[in-house]
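Chain naming follows the written order as A, B, C, D, E and F, and within any one chain the residues start at number 1.
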């Protein structure tokens, strides 16, 4: 795996004959409880992308740090972009990857709310071009969570929970303050599910789940499983 | 200076009473000759932002890594976004900074072609809000170059030249390969100046100037001067 | 329940003092297997809206018949609109409902792929106005399916399956041809989940599930449960 | 004539070899005096489309129920969409009709203010594709009104008048309350003609003309004439 | 009447206390038969604006020279802008006129196809602001034509006909070559009325009507009548 | 040189075999000190275009009179359009020039703030078409100013200064009131350079420089030099 930003033009040119895989991490900047940093989703996306890259000799693009974080928009520290804006930004990156001559682009997303935007981008691109683009947000996540987590998710959402905390304990333990981790399962919010409520008004700590049970070992195991599955998907797509 | 992405919500909250200065580095991903990495502008913007942040107790946002690099769009490795797209993306970041409660946002740009977009963003924002936003692309650059550089710029443009190379030698010497630095002053291109030519067809090496004369010492001196001037501007604006 | 389109201005005016609830059904026009009509999602959305309306004295708006059906776009009979277009169209309807003086607007969606668009619309609206808008796509669907269905869903998706067929058997039995119903569980498609594949290339019959087990009685029961839950949500929101 | 929404995919497929004519009714939802329902334009557009369909073996799409009704936007009951929004929505429908394999699309409009939008849509489409699209808003209307009406129009406008009322008496007599019909010829409004006045401030009853003279027989006769002329136009276009 | 473009800031400032009327001529650049110049609509709009200005002490803005001329887009010499583009451009001009402190803006249009765009602009503006804007395209044109013309219009359209030619003979006789004027009444084109045909394929000479009957005297008379009516409308609006 | 607006379709057709050069002047409407008219940039652009046209047998299009004048937007008399709007408008004009069959389009800009928009337009056009478009804003201006001016520019900006005044004294002396010319060199404004300040708050008179030194002779000399250089560029591009 190499980081595109650190390569010179010649180093990149030397790779292009094999039409390498480019990997674009996309994250978010938003509150993540008392124990995780605001950039958690970006750090995880970048790590996820790098580990995939190590397996497929990928070239990892710089991380897109601001995603669609509307649900935290009034919580200080959130830097959110509109979904249409994000769509346009990612769409341009896809076109650039194609023009550069990569063999494929894999978008590695670390933020749940970016998923639909990612899907729209890849679909709209496919209408114009056959350049292959994959969109991955922790494939087979439900199965992997069921296997490795001790806690339940909050209605299927992952945020500052046992999952994310474990992953960050594996990737960037220096950024995790377990002493501040709290368990919180906010009541189901109908205003959030059926209206326009922001999550900032739903969770007190900003946690949805039980991060107190997180460990680096779980994180490594889950990261491995996610990367394994992602690599399998990529290789299968590459073969097509 | 702290990095927003690494802060927790509480660490940020503890700062907000003083309405701190947020600094957003914006860069680019494009060829930079044989001796500099593709992410040069992003690395420099980020360093620029951090050094300003050290002086004004700023909080540095993650770097926006893809800017308006149309002039290199067909050169492999370039990841460019449309100017309107970049405008929208930056505009949303500005709004987020305001909502978060920062006292001011400083956009620290390391890429010449982002300048007009930055200007449009700040102007459009001002029509809606009095939240102060500054846009800095190496203020007083001409004077600083005249004082410190041995070489001439190529028609006022800075790209993979003595200036950028010196700065990166100071900030990230591990990413500079001086053995590959070449001097090139392409002929003035009328197709570029008056038409729609891309720079990829103008410079052979991708260099515009003479990076062979670059040194870390010059880089440090110029960085200091730029940061000094930037800090002065910021403090004056803060006082208003 | 009254249908807005059939009311005169006076009949509507007579209701406005109580600030009634308006209900907007949104559907889709796309293939639905051999046994269901192309307008299934619209017929169901309209029925869903009417039954809610009967319970809350609602005024039902005409159905928006074309939704985001990109996944069937190359299958004849599909009439799909872009997600941004749908967002704009629905957004204008929301504003109209507010201007008319309704007490609340409930968007009753019968098509899974409209859900995110509905969410974006309601969120963007909330930034400008406190006029209450709810967005309902079969709330508590998982529980209701688990309770009433004999078959499994295809990876959580509902399309021309036991659920939709049962509902239509209850609402519009004249439009269901059970003799043509087939059971199909296409293999999980990675190109669909992670790429830009259309569903038209995933399912042969267009069915995802087992509609052969559908009955009008199940349909009535599930409709009742969905309407009950929807009414509860609406009344609770009304009280706020 | 068949209704697309009620057809299954197979029923549609069986028709496609002959490349049938698709007909899209577009209407509006807005006040229509004391005697006509809010959905008059949609009911008439749908009936118009169906009768044309009967003559040309057409396949009638579901009706687009909300059009450009800016002139009634502050009158309760109006559901209007912006003209640009409507343009986009209709444009996507046109593309879908082409992709489905229809031989031609006929847009059958029942609302005067949709006419220019319809025109823009068909023109923009023609720049990209040779798929034939016709746009019909009661062709030869002036002649037909001159022949059949007893009353004069209000400056050429048709709204809740003898024309529309007669047509609805023929198509949906259950929705017409002749006891409430009133005659009104508002004074010419310069603010409406040269400014931005809404029609809601121009007519007291919402009527422009004399619907008291309407009869089902006139309605049938005018419908026949309009359909006859429309069919002639369609067949001539088909032959080209 | 003064021309804004020729005034200095002080000359304008001296007028503003009385909140003068600003007049914006909008025209078009498109073929106009063998005997009239491509800029006919712009010349006429400008003359129209100036004469109104003379009567109301107006300040005439420079003419917007390119309008919506889609119907001639493939005829050489046509410079057309999209209707949405024109709408945006005119909308910004309206906002500028308001900011400047004018008492009213009158849009004086000389090109039939700009009319709907003008209408949309004025309506959208009214939603945001009470600054008065009038939109005039030869008010009471039908009556004036009926009174002064010898020839019939071509289905109500005015283009390179007796009307426009007479007006230009009065305003800019140096630009009219009567020796080249021809009479042409193209057959009614169904492809134009109901499809996406351009007018360039409908008229051989580009004339619609009979310009051979045009005279400067008629032009002066019709101009007078149009200006009289326009002034009356403006003064009435001013009084409101 | 001929003016497109004054040509008939035949006069234009007679030229097209040689695929002539079209020249589009773009200006602005904004304050220009006490001594110059609001339309200075438009008058100069038009003269510039005509003189180039005289040398290359060009066909000069009507002038686009409103440009991006945000920096004067709150100063009465300014008519500014948004930069995105201007981009769209100019883009459509470029497409029209290509469709008409011209051999080349030269955009002759008289307003500094239009430059970036002009650049974006020409670049975006080049992505779709090989029709040659040049964008000229006084090429080699710095050298020409250095040679001919007695005064210094204000930080490189030209506005109501010795340069513009001299040019207008040559082109339209009737519009220059030298008695009112004043010299002003406003202090460098950091709010303008790094923020969102408008120029209206920076200069008292609206002048940036010393117009008192302007003469028609200098104007003629500078115009000649600019035209000479422009023609050279055009002929070289034509040869390519």
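We adopt the following convention: contacts are C-beta pairs under 8 Å (C-beta built on N, C-alpha and C of every residue); 3 or more make two chains touch, one makes a residue touch a chain.
All values reported here derive from a predicted model rather than from experimental measurement.
Asker: Which option, D-E, E-F or A-B, should count as the same interface as A-C once over half of the contact pairs match?
Answerer: Over half of the A-C contact pairs recur in D-E.
Asker: Can you compute the centre-to-centre distance for subunit B and subunit C, using the mean CA position of each chain? Integer Å is fine.
Answerer: 49
Asker: If you average the CA atoms of subunit C and of subunit D, how far apart do the two points sit, in angstrom?
Answerer: 26
Asker: Report the inter-centroid distance (CA atoms only) between subunit B and subunit F in whole Å.
Answerer: Roughly 30 Å, centre to centre.
Asker: In subunit B, which residues are in touch with two or more of the other chains?
Answerer: If we look for residues of subunit B contacting two or more partner chains, we find 84.
Asker: Which category does the touching pattern between chains fall into here: line, ring, star, complete, or other?
Answerer: ring
Asker: Output the circular ordering of the chains, read from subunit E in the direction of subunit F.
Answerer: In ring order, starting at subunit E and going to subunit F first, we get E, F, B, A, C, D.
Asker: Looking at the complex, which residues from subunit D come into contact with subunit E?
Answerer: 70, 83-84, 116, 120, 122-123, 125-126, 132-136, 139, 190-191, 193-196, 233, 236-237, 240
Asker: Please name which positions on subunit A make contact with subunit B in the complex.
Answerer: Residue positions touching the partner: 3-10, 12-13, 16, 29, 31-39, 42-43, 61-66, 73-82, 84-86, 88-89, 91-93, 96-97, 99-101, 175, 177, 180, 206.
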